[in-house]
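Below are structures written as structure tokens.
There are two complexes below, and they share chain A, which is joined by chain B in the first and by chain C in the second.
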Partner chain A sequence: MKSDRKEKNILVLNCGSSSLKYKLIRMPGEKTLIRGEAQRLGIKTEGVSVITHFSGGNVKKVENPLSGHGEALCEVLGLIEQEDGMKFDAFAHRYVHPGDYFTRTVKIDESALDDLKKTLPLAAIHNPVSYNLIDFCHRRYSSVPQFAVFDTAFHKTIPPEYYTYALPRKIAGKYGLRKVGFHGISHRYSMEEACRFLRKNKSSQKIIVCHLGTGGSSVCAIKEGKSINNSMGFTPLEGLIMNTRCGDMDAGTVFYLMSRENFSPEEAENILNKKSGILGLFSRSSDLRDVIRLMGTDNKAKTAFDMYVNRVRTYVVFYSMILRKADILVFTDSLGVEEPEVRRAICEKMEFTGIVLDKKKNSAYSRGIEDISSPDSETRILVIPSDEEIMIAREVHKEMKKNGSGS
Partner chain B sequence: MHRLLKSRIRGLNGELDVFSKKVCDCSPADAERFSRLLSEEMERLDFDRVTCDAAGNLIGTVKGYQDKGALIVISHLDIPSWEDRKKEFPSGEGMLKFKAGIISGIYAGALMKRSLLPLSGDLVVCCVPRLECCDFGIRYLFDNYLKSEVKKIKGVVLAEPTDFNVFLGHKGRMEYEITVRGKSCGSFFDSRGVNMLGTMFPLISELEKVSRQMPRNSYLGHSNLRIKDVRYSGYRQEDGLDEFRIIVDREFIPEENQNDILDRAKSIAADVYRKEPEVTVSTALSMEKVKTYKGLEIVSEKDFKPWTMDSYRPFALDSLGSLTENGFKSSFGYWKKITTEGSYTYAKLGIPTVGFGAGSEDDMGSGSEQLVISKLPDAVYGLGLIIHRNIGLPSFGWSSDEI
Partner chain C sequence: MVLVVDCGLENIKIRIFRKGSGYFSAVSSEMNMHECLRDKGFMAKRIKELEENERIDAVSFRILFGGDYFSGAELIDDGFFRRFRKLTGFFPLYVPHVSEILKRFADSCEGIPLIAFFETAFFNQLPDERKYYALPFEYCRNAGIRRWGFHGIFHKANTENLPAGEKAVSIVIDKQTTVCAVSGGRPFSISLGYTPLEGIMSSRSCGDVDPGIVFYLMNVHGFSMHRIDEILKSESGFLGVTGCNMELPELLKLRGRDSKIDLAFGIYLAQLMKYTGEAAAALGGLDSIVFAGSYVADAGSLVREIMKRLSFLGIHTATLPWKENGKLVKAASEESKVKVYINLKELAEIVYCYTCDFLAAPCISR
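Then we have the complex of A and B:
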């Protein structure tokens, strides 16, 4: 599958617990050749596993029982090679949480696999899925170089005064309890794209990125190209109000709830992670888009929206303070890009932080990267559609050039 | 985490159905073929290691990513006795009284493997052969394979019928023989003027009297004494004595001592025949000669010890908690009729042991097997919850697919 071409086709793989997203990207041109997603892997719902495969202008759906990610990958590779006649030069895996074992993108070999295995308990549901697929590729396609790109690696530069929890050092040290931060690949992509768009050098910029997704959301403070704070913590539960996650709250309420309802840790976690956030506040839906649609007539929706926005604003103000005013504010991911009302509400009356939104530009935004800030705003406000896969491909391509893999 | 397990169960349902049919269609009398069926399924389901020891124990391992103590899941395979087999093993009638335990044990291993949830220790799924009242398989398993291959054991889960409750013990069961020897003339004891058959009656009657006054344990109920068989072996050339034996099947509670039971039986018999000048009485545990299809020959005592594990033990509480927190209406309980490998794992070795499975004791070997089979997905799910709670790693804060 390797070739001697100067251009490299990198197959980016992004695992969920029962899904596999993939994108074949031609580097360095960053052209997406093929993309798709395999869903319902190893589970049985009303239908069998399905692969939705986009190539050129065509969409193909393949329904087949697939017991796991390895089997799905074989099917996907079959589609890429047989149907599209495409070759690829490397696998690039998104890996959520490498702990302290990796701080940058790594080429997979036996030693890296050994270290990756040690990270499984750090994200006990996400890491094993990725590890298993990496291990599968290592054994099955040993001639193809593969790389792991880490979601948390970007936040390795957060200083101790922001990553440390005020817990007894002995206990925190024993279990590695500290802020880790997530969405690092997305935050980094936003930073790079923002600097490219504004023709600025990232080493001189102070940036706040609001990654506002329909699932998870986080805000990141970036200074001189390095993450210095992120609203997510030891797990993705901390920080913003999300679709079903509560985000920041008094830990005492958890103990009170556990004691009054005789909840186990698992039951309590299920409430905070799966039944709270927008769903807990609004109850009819966990999707903020439904909240926005109904908040003119529904008080619960209005309250949920205000709480959501206020939490984001809290972080934007806090990060503006620690950055001493941001040069750039980025809105990214589905809600950040598709919902002008969210951006408007977050930026409202934020002049004291240097943030002034141009309401017309904000409402008129349609696609791509755009500057929606008012001319008198000290902070440039950008909308940047997220593309983690491109960021992953960039990282891997850089590594391939460095160590000559596949060339 | 529980949603992940539940979704994986749904993914396994089709395979579980197919395998259940195969197990039900395969006669366990052909132990070798039956064992092969189970081991092939374990291999197909990607167990990291599958092996079979000389005693016929089938062992499948799902490797943990650490080595902080293994969890052993044990189901049992009833095999026919030496006599029942008419000395031609493996032909003859075999019994498989609880197929659901074997299937759920194997599929619980597959569930953990498919879920990819990291385990802090190995999960060892064992299918253990046993004879009625004779636990040679579990003894051999722990004294050999597990002793050499597993450094530390965190606990044992017995895949036996509990109606989805967590069971913590049962009565013991032993089989012993009372042997009475005396000098007779033409099979008549002179002093009694009755033949040997008549001579047995007073002892039988005395034992039946005793059986109506058995001690009781508040969890396990009354002990039980049944006369299983009476054998007259006739005139013995070597000492010129006649001999008969009464074989007693005895259920007993933890408050009773095995030696005391044998001494008491001996004293009852001695008292019955105290007026016979030349009568001697002895008692001993029955022995069973076992030959496995792997060729191993063992002579084993017919003895299962009673056991009750305290419900406040963390292993018991965690196991029950894992179920009740995820939709099972489980509580602690005890088997009233059957014996399990807990007699060895807890009563002898002191390893924390609980039982969990679909169906009730009454379903074992009854016509309601299909009903129990239909509950297998829940049994596998429940076992998965117990396994994860005891050797799984917490996923708090990580239960959403999307970050």
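Then we have the complex of A and C:
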């Protein structure tokens, strides 16, 4: 059954390296009809692939060996059509790193696919998975319009002094080496929700968003509704300390690892991307939540936590300096929302920048958007649960209205 | 008389100080390290000439790197050489040369105390969470991958006369720019890390860069490690961005005349602000900023720019001309919440003062 012509059902697809999150959202009301996640796709694990499917009040678990994201999507679409009798008007794909090829949401056609193909080496973990799924959908479901929404698009407004590395101009130009920035969908969503919650016009607000995930994390400086800096760089390796990524790092260490320890470039990259960060420091786990649980008794855990927090604080103060004091500080994504200890440590002794946390409100936070700043804080501190899928659906809906596709 | 010997990578500079009179620039001299090493009798001859006129009370050396072994000034004796040579692996193009120079001094200066000062010693007191990187534990602790820091002599001197508990950010503007957080005589952050690549850009090196770029160039475009090392170390920085070879004072002079110059300055300032942010975050506040370094006298416009950007923290710039007290310039007005000083002392002068303190300490037998 097709829904009201004005309403559109948008299926948002968010690929991880071995997972596929999906959400069917009815726009413009932003009502989530169905959501779920397929896990353990295309990797060797002890268990088989699992799809957890939420629809209405019901949860359904499907265990099945699935070779990859395409096969998982077929299974999911089957579930949606059979179980719920629901149709969709568009696919919306989150795409991590389009390089210089795309700076805004794009409707997929053959030429867009050609350009996307050129971006595969830019994010070796994320791009190929997303590309393959888009390509698969384009051939298999040619009647449904598809859109790619980019994590980097929000950062296209970063000014040259913040996006340029001090590298030789010719080399940087030839290979497109510049800060690209990531998590743009989340940072933008946080900005919009923060301004809506505080009833402020985004053009008048200076905002710092800390997107602290269990995987990737980044901090963003926003002025007049535009991103002006992001802690991630040309790749998602730069910036904060993450679960397995080292973040900011002396490039000289790479040369050391290769020449003294005889690692190949691939091995060295693997160490910095997959064996460093919290995992490298703590070794027992890559999850900051485990670190927090054990840091009272375990010195390694305490050091890992302090290093993690210090790096976030560096960016918060740096961005306060370039914004000349922030009006709003947002904590979002899993660690930013679920871990009061992380927020407390980041905001400790930050009075000099105008940031003062209300410790009680901070530990009492449970759900939704809340202001956890002390009344004498010049900066409003907000916790905002991330919802990248809603943001992606908004983008695509805007695009559909513009070019009238799917109706 | 005290000799202060600056052991650089390429050159050796000797300055002669006399009590109360500052240094004699007329007899200060600079020599190429390699020429110096080739002429075996040179050092002995030089010392003899100097000693004819006046007794040498001490010879002090400024040394770039002291690793984990040297956390303060030290008298150079046999034990010193044993430990110093162990650092060869970290700095093979430097340690053996300096060791040889020191040896020659030791041979020709019998009975004269020789004292070593290290640019990294101050940073051995960095707390662990500031010293190490988020790399697998075994590489950090066992292989010595840590922040060694730099300009420790300046950073220590900049902050040692501040009141207890003062949160100070020390900024050294020299061939390399470094930023350090200090409280209670102890460092809490330093912009320069394991190698001089990290931190703030200079005339030819890039400063902070996404390590992912290194892998991208190697794995996708086939660059060799040595080629990338060369690009980052000697083709980047002000040279890379502007296409012209220049040091910071020149860049500052040319600001506003060329968009590439302005971009290079913009990137430099952004990196400087990041580390000033890191330092203030590490201290949980900011009471004073102290500038020093051989380029600082030519960097007034930079100091004013930083103060302007940080005015939201309660920094008020004093009206020009700024008041000087000895070699300390007060750049912030009386009502400024954050005090700002410019320390005009030269590095050799600081080492000379430290040498006098060292000689006066009761533990030294003369």
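Following the convention adopted for this analysis, the second predicted complex is superposed on the first by the 400 of 407 C-alpha atoms of A that agree within 3 Å, B and C clash if a C-alpha of one lies under 4 Å from a C-alpha of the other, contacts with A are read in each partner's own complex, and residues count from 1 in each chain.
The rule is short, and it goes like this: contacts are C-beta pairs under 8 Å (C-beta built on N, C-alpha and C of every residue); 3 or more make two chains touch, one makes a residue touch a chain.
The structure displayed is predicted, hence computed values, not measured ones.
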Which partner does A:216 reach: the first (chain B), the second (chain C), both, or neither? first
Where does A:254 make contact in the superposed view: on chain B (first), on chain C (second), on both, or on neither? second
Which of the two partners, first being chain B and second being chain C, lies in contact with A:64: first, second, both, or neither? neither
Check the residue A:237 against both partner chains and state whether it touches chain B (first), chain C (second), both, or neither. both
With both complexes superposed on chain A, which partner does A:310 reach: first (chain B), second (chain C), both or neither? second
Which superposed partner A:266 touches (first chain B, second chain C, both, neither): both
Is A:128 contacted by the first partner chain B, the second partner chain C, both or neither? first
Is it chain B or chain C that touches the larger share of residues in chain A? C
First, second, both or neither for A:168, with chain B first and chain C second: second
Mind working out whether A:201 is in touch with chain B, chain C, both or neither, as first, second, both or neither? neither
Overlap of chain B and chain C contacts on chain A, residues 121, 234-237, 265-266, 269
Hey, which residues of chain A end up touching chain B in the complex? 16-19, 42-45, 65, 67-68, 96, 117, 120-121, 123-129, 132, 151, 182-183, 213, 215-216, 234-237, 244-245, 264-267, 269-270, 273-274
Please give the residue numbers of chain A that touch chain C in the complex, ascending. 121-122, 160-162, 164-169, 171-172, 175, 177, 179, 233-238, 241, 246-261, 265-266, 268-269, 271-272, 275-281, 283, 300, 303-304, 306-308, 310, 313-322, 324-325, 348-353
For chain C, which residues count as touching chain A in their complex? 128-130, 132-137, 139, 143, 145, 147, 193-198, 201, 206-221, 225, 228-229, 231-232, 235-241, 243, 260, 263-264, 266-271, 273-274, 276-278, 280-282, 284-286, 309-313
Which of the residues in chain B come into contact with chain A in the complex? 1-2, 4, 7-8, 10-11, 13-14, 65, 114, 116-118, 120, 321, 325-326, 392-403
